[in-house]
Amino acid sequence: MFYSDNVTRVCPEVWAAMQAVDRDDAIPYGGDAVTARLNERFSEFFEAPVRVFPVATGIAANALSLSLATPPHGTVLCHERAHIHTTECGAVEQWSGGARLTLLPGEHGRLDPAEVGAFLAAWNPARPQALRPAAVSLTQGTEAGTVYPLSRIAEIAGIARKYGLSLHMDGARFANALAALGCTPAELTWKAGVDVLSFGATKNGGMCADAVVVFRPELAEGAGQRRVRGGQLFSKMRYLSAQLEAMVSDGLCLSNARQANRMAKRLADGLAGVAGVTLAHPVEINEVFATLPDAAVAGLAREGIKLVPRPTKGGILYRLVCAWDTPAERVDRFIETVARFAKAA
Amino acid sequence: MFYSDNVTRVCPEVWAAMQAVDRDDAIPYGGDAVTARLNERFSEFFEAPVRVFPVATGIAANALSLSLATPPHGTVLCHERAHIHTTECGAVEQWSGGARLTLLPGEHGRLDPAEVGAFLAAWNPARPQALRPAAVSLTQGTEAGTVYPLSRIAEIAGIARKYGLSLHMDGARFANALAALGCTPAELTWKAGVDVLSFGATKNGGMCADAVVVFRPELAEGAGQRRVRGGQLFSKMRYLSAQLEAMVSDGLCLSNARQANRMAKRLADGLAGVAGVTLAHPVEINEVFATLPDAAVAGLAREGIKLVPRPTKGGILYRLVCAWDTPAERVDRFIETVARFAKAA
Amino acid sequence: MFYSDNVTRVCPEVWAAMQAVDRDDAIPYGGDAVTARLNERFSEFFEAPVRVFPVATGIAANALSLSLATPPHGTVLCHERAHIHTTECGAVEQWSGGARLTLLPGEHGRLDPAEVGAFLAAWNPARPQALRPAAVSLTQGTEAGTVYPLSRIAEIAGIARKYGLSLHMDGARFANALAALGCTPAELTWKAGVDVLSFGATKNGGMCADAVVVFRPELAEGAGQRRVRGGQLFSKMRYLSAQLEAMVSDGLCLSNARQANRMAKRLADGLAGVAGVTLAHPVEINEVFATLPDAAVAGLAREGIKLVPRPTKGGILYRLVCAWDTPAERVDRFIETVARFAKAA
Amino acid sequence: MFYSDNVTRVCPEVWAAMQAVDRDDAIPYGGDAVTARLNERFSEFFEAPVRVFPVATGIAANALSLSLATPPHGTVLCHERAHIHTTECGAVEQWSGGARLTLLPGEHGRLDPAEVGAFLAAWNPARPQALRPAAVSLTQGTEAGTVYPLSRIAEIAGIARKYGLSLHMDGARFANALAALGCTPAELTWKAGVDVLSFGATKNGGMCADAVVVFRPELAEGAGQRRVRGGQLFSKMRYLSAQLEAMVSDGLCLSNARQANRMAKRLADGLAGVAGVTLAHPVEINEVFATLPDAAVAGLAREGIKLVPRPTKGGILYRLVCAWDTPAERVDRFIETVARFAKAA
């Protein structure tokens, strides 16, 4: 099934890490040993001193991150298809105390630095009727299955910094982008100008743990309290911290992501050879966006394969997502099925 | 260790339930089979049609519950020692869009119906300078280790209803109260007038799952969206739903709670026989609040046993909490240790 | 000066009304005689029982209105150039507890019913990741100096009602629209489906008084308290109520608006005859949006006449606004000045 | 009538100032000449560079002030009878994005420094479950008709500063306190440690203008935007600025307040001589809080004199307030009336 990378199992390393903390003498609310060393583990992973705040969902990670980066009277610039706009039901608005998202266009899910620059150039700080631009949020990998090259992140970061904005990265698929770009976690974040990251683990073999990673220390001011009031301080924190620790240990997040990316590539390559299939975006991480022949869609439905249609101006797009445990056979079978139905039509 | 009921392991039945859903074909965000039957399972447990919303923490359960029960210009009446006031860093304020808690006194952690009644009688609805009393929140079992008898809940519910308020129950230790009172879940909730419940599982052998249970259907309006924006919609929801389903299956929550309560009783009985120990509250669930002789405190500290002091007007109280897996031997050893140090002084 | 309709004096009738309430025995906070009869006066004006809530600014009127019409997890559909989006610094977000504006396009400042309908048709109520569409807000007269014909308001109201949304009208220039359409206040509001109105008085000869007018009684629930917490309950309320009463008495708001509209028409007609001047929108109320020849802009600047440039894709637009007290001579002189500079170029 | 200092007229100097700005060429939204010099005028008045933000109500002044001084996860310490708690319907909660008031006791309406100190000493900054104490708000003159001596303000300021809190003064009756203490505005505010002031003008002969005065520049960050979104940026700002300018010119606020205070003193002295009358608090500004003999209350009611009863543990208190225009004859007549009815009983 290519419905989502959320449909899959928890990977064995994460299970093992959770079971390893199953003891009866841990100080709750993050006073345990795993949580205690999490800042250190992530600091090693990112080659810089960071503060890590485990949360249970990507929405919470984004909302907590952005509540640190914008005052209630601020606005967060993001892509018009950003998850924080389309899928999080106003979480940023709630957690920030009433800030606003400003939507900007950009091809293949990527914010266009020129659009960011133009918006900020037009902003008049002396006019209190306008919300204060406070942060840029970019999604890496994007909602279109692409990645931002490091240079583009740095370019956006430069513009943001010029106007006093923070840079947030929604990294629900951070490891997939990392795998795609072949760079280090440091290069992908603070070295490129990222101030705060939503680090995704759940989609990548975790169970219910993502994290806010703060690179600029002053942004962590009040983060502890904001996490509590957001309902994200876990009494048995260690079961979440263990998932996160596992993810940044022994290259796990990278190896999981690589498999997912590889399978998406295989899927894209296979589908590209089927008449009537068009790929809407470059396939750079673990997602394929394709139009499919009607006959194939109908045939798949008859076989009980669930697809999510997304109406666009260019026709109906289908999102196909591979995960850390997607087997090559399933990919090949899917391609073959699509081809068969397409041909039969 | 009696530090908290959060220090303990996840119980085997919950582990098993989580592993049983570890498959790669579940629709995410609650589209899975376990979540789909959760309303039904809880409706059986409560003998009434209920709506269940899994969340990851007790804070989130309370904040989501109360956001359904109060408008931004409302106030929630609660005990002055209620968890929502002392320990949740303004979660109700955030989730409700700026509502306020009104603190009322009451012996042994229980709201006094007379205080609730007096406050509401003094409220003048025609005076818009006052926040609208919108809900009463009571904690069952209480923060003092006691329970509300059913009659008192019904009495408070009657007062609340008279003035148009909803009744919320913070049931972080709901099963402990259930075990203590020997009544049915239905009797403890909607039959007594409860409209919305924070159902606790985490402290009672769960990992990271509590739930909002809505008894009055109109309160569930918008609950789905509020949960999303609160950051509590889980992509891999089934791992949380499974914990909750396990809790209400085969009497698990009750048997776990009974063991915790029994051990607290044993602990209280043993300590009561030690010279210099005073119990501050009746021990009705799994918590003991006691003053201890200085020599015992010092001795325990030397042995590495961590206690949480709570300064009160009557001296320093220590909270001792038993859990689903507290063995009798540990209780007896603790009593013996306290007695030994107390005697040696 | 045509800088804004806010640059002008308070009209004599409003001064007189304020002075008439200057006594030393009024019950504060709206307990006075003028405020007491305000609901009745406005009910006569609108030929229906309404609830009126005086506020001091148009922003407050919009924010209070919309806070009645949307829950925190709701979204308000409005034109992409709506004042609530461009000029109110997130007031709706703050007053509602975190709701969001959804921006829709439309020619000449008017929402396009087709766009509203398409957005709502695409909305999936079963998907809690999306904010609940809760209200449509339209601006009458618009930010482009045009008006909605009654039929279009009714059309939008019909779509809104179909999906359970309320209809709000930002009537900062309500009287100007009324004058333009030649209909009754009832026809322009509740008869066309409007549920709540921001009634503007300040721009139309008032000093510091606008009002929220509620046509659907259940929307007024909690309005009193929301007004207090918004900081809009005036101790000496009568000085604001008197302004509002004056406005709906003896046709004042209408006669003031007629003069403003007439002068804008005269201005538009005059400018239309000047080579190099283009009118961007039909001139239907008291605002003219025009491109001006560079020579005229430069010349006006030399004469100390302040214009507000608004960069658009079609070039730089200048907004010229007439007010209740704009004399015809000033209009003619301005036209003559522009013509002179344009010709000289 | 002694119902409130809000029942009275606008004083002649304020009327004159408003009429003086009644021209048709002012830049709106504070771009006018009076508003432009307001910072300077207030800086002279306070002998220090300040930032002034006119608002229309005392509630708005308090809410805006405190929104500058506390993050959403902060708490504001105030007297348990503070206006921000009893009478503003959660304005601080709304404007701050969800902060909380912490109520502390204190005799005669004054915060007790020992209580403030004890609360802060017990606060554990390492415990994120507690809201961050962010500001102390004191009311000068108090809700009990008393004043804080300068030394007590300084003492509270010292404690606040020690823990990193800002100090806010609710000066709805600031001028009355100034008159009572005979000190300078500077001594009463920044010299004593006040960071931000709600400067009241409305109760003291104004119409609808109070102001936020910021002494610590960094607190003014974002104040402009917060004022807009709060609905307190006035298009015809000059009519409010003029009221405020008048108040700090030629000693007006002081002379108005002196008359009010004098009349309250006269009233208190007279009532003190009537058998059965008890004064609840020292009478230091323009408010008298007294118990009255039943016969007097009944008699006054028969004569149509409206009194506001306030039930307290020590019996029913009546608040009697004098204003800038209260004539001595009215005071004497009231005393005589009370005495007559009391005697007749």
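Note that the chains take the letters A, B, C and D in the order they are written out, and that residue 1 is the start of every chain.
To be clear about the criterion, a residue touches a chain if its C-beta (ideal position, glycine included) is under 8 Å from a C-beta of that chain, and two chains touch if they have at least 3 such contacts.
Just so it is clear, the model here is predicted, and its values are computed rather than measured.
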{"item": "Partner chains that chain A and chain B have in common", "value": "C, D"}
{"item": "Comparison of C-D and A-C by number of C-beta pairs in contact, larger one", "value": "C-D"}
{"item": "Chain centre separation (chain A, chain C; CA means) in Å", "value": "42"}
{"item": "Whole-Å gap separating chain B and chain C, where each centre is the average of the chain's CA atoms", "value": "50"}
{"item": "Averaged-CA centre spacing for the pair chain D and chain C, given as whole angstrom", "value": "34"}
{"item": "Multi-chain contact sites of chain B, meaning residues that touch two or more partners", "value": "29, 72-73, 88-90, 93-94, 97-98, 128-131, 225, 228-229, 233"}
{"item": "In the complex, chain C residues that touch chain B", "value": "29, 67, 71-73, 96-98, 128-132, 222, 224-229, 233"}
{"item": "Touching residues on chain C, where the partner in the complex is chain D", "value": "1, 3-4, 6-10, 15, 18, 22-29, 55-61, 63-64, 88-91, 93-95, 97, 202-203, 207-208, 225, 228-236, 239-240, 306, 323, 325"}
{"item": "Chain A residues within the chain C interface of the complex", "value": "72-73, 75, 86-90, 93-94, 97-101, 122, 128-131, 311"}
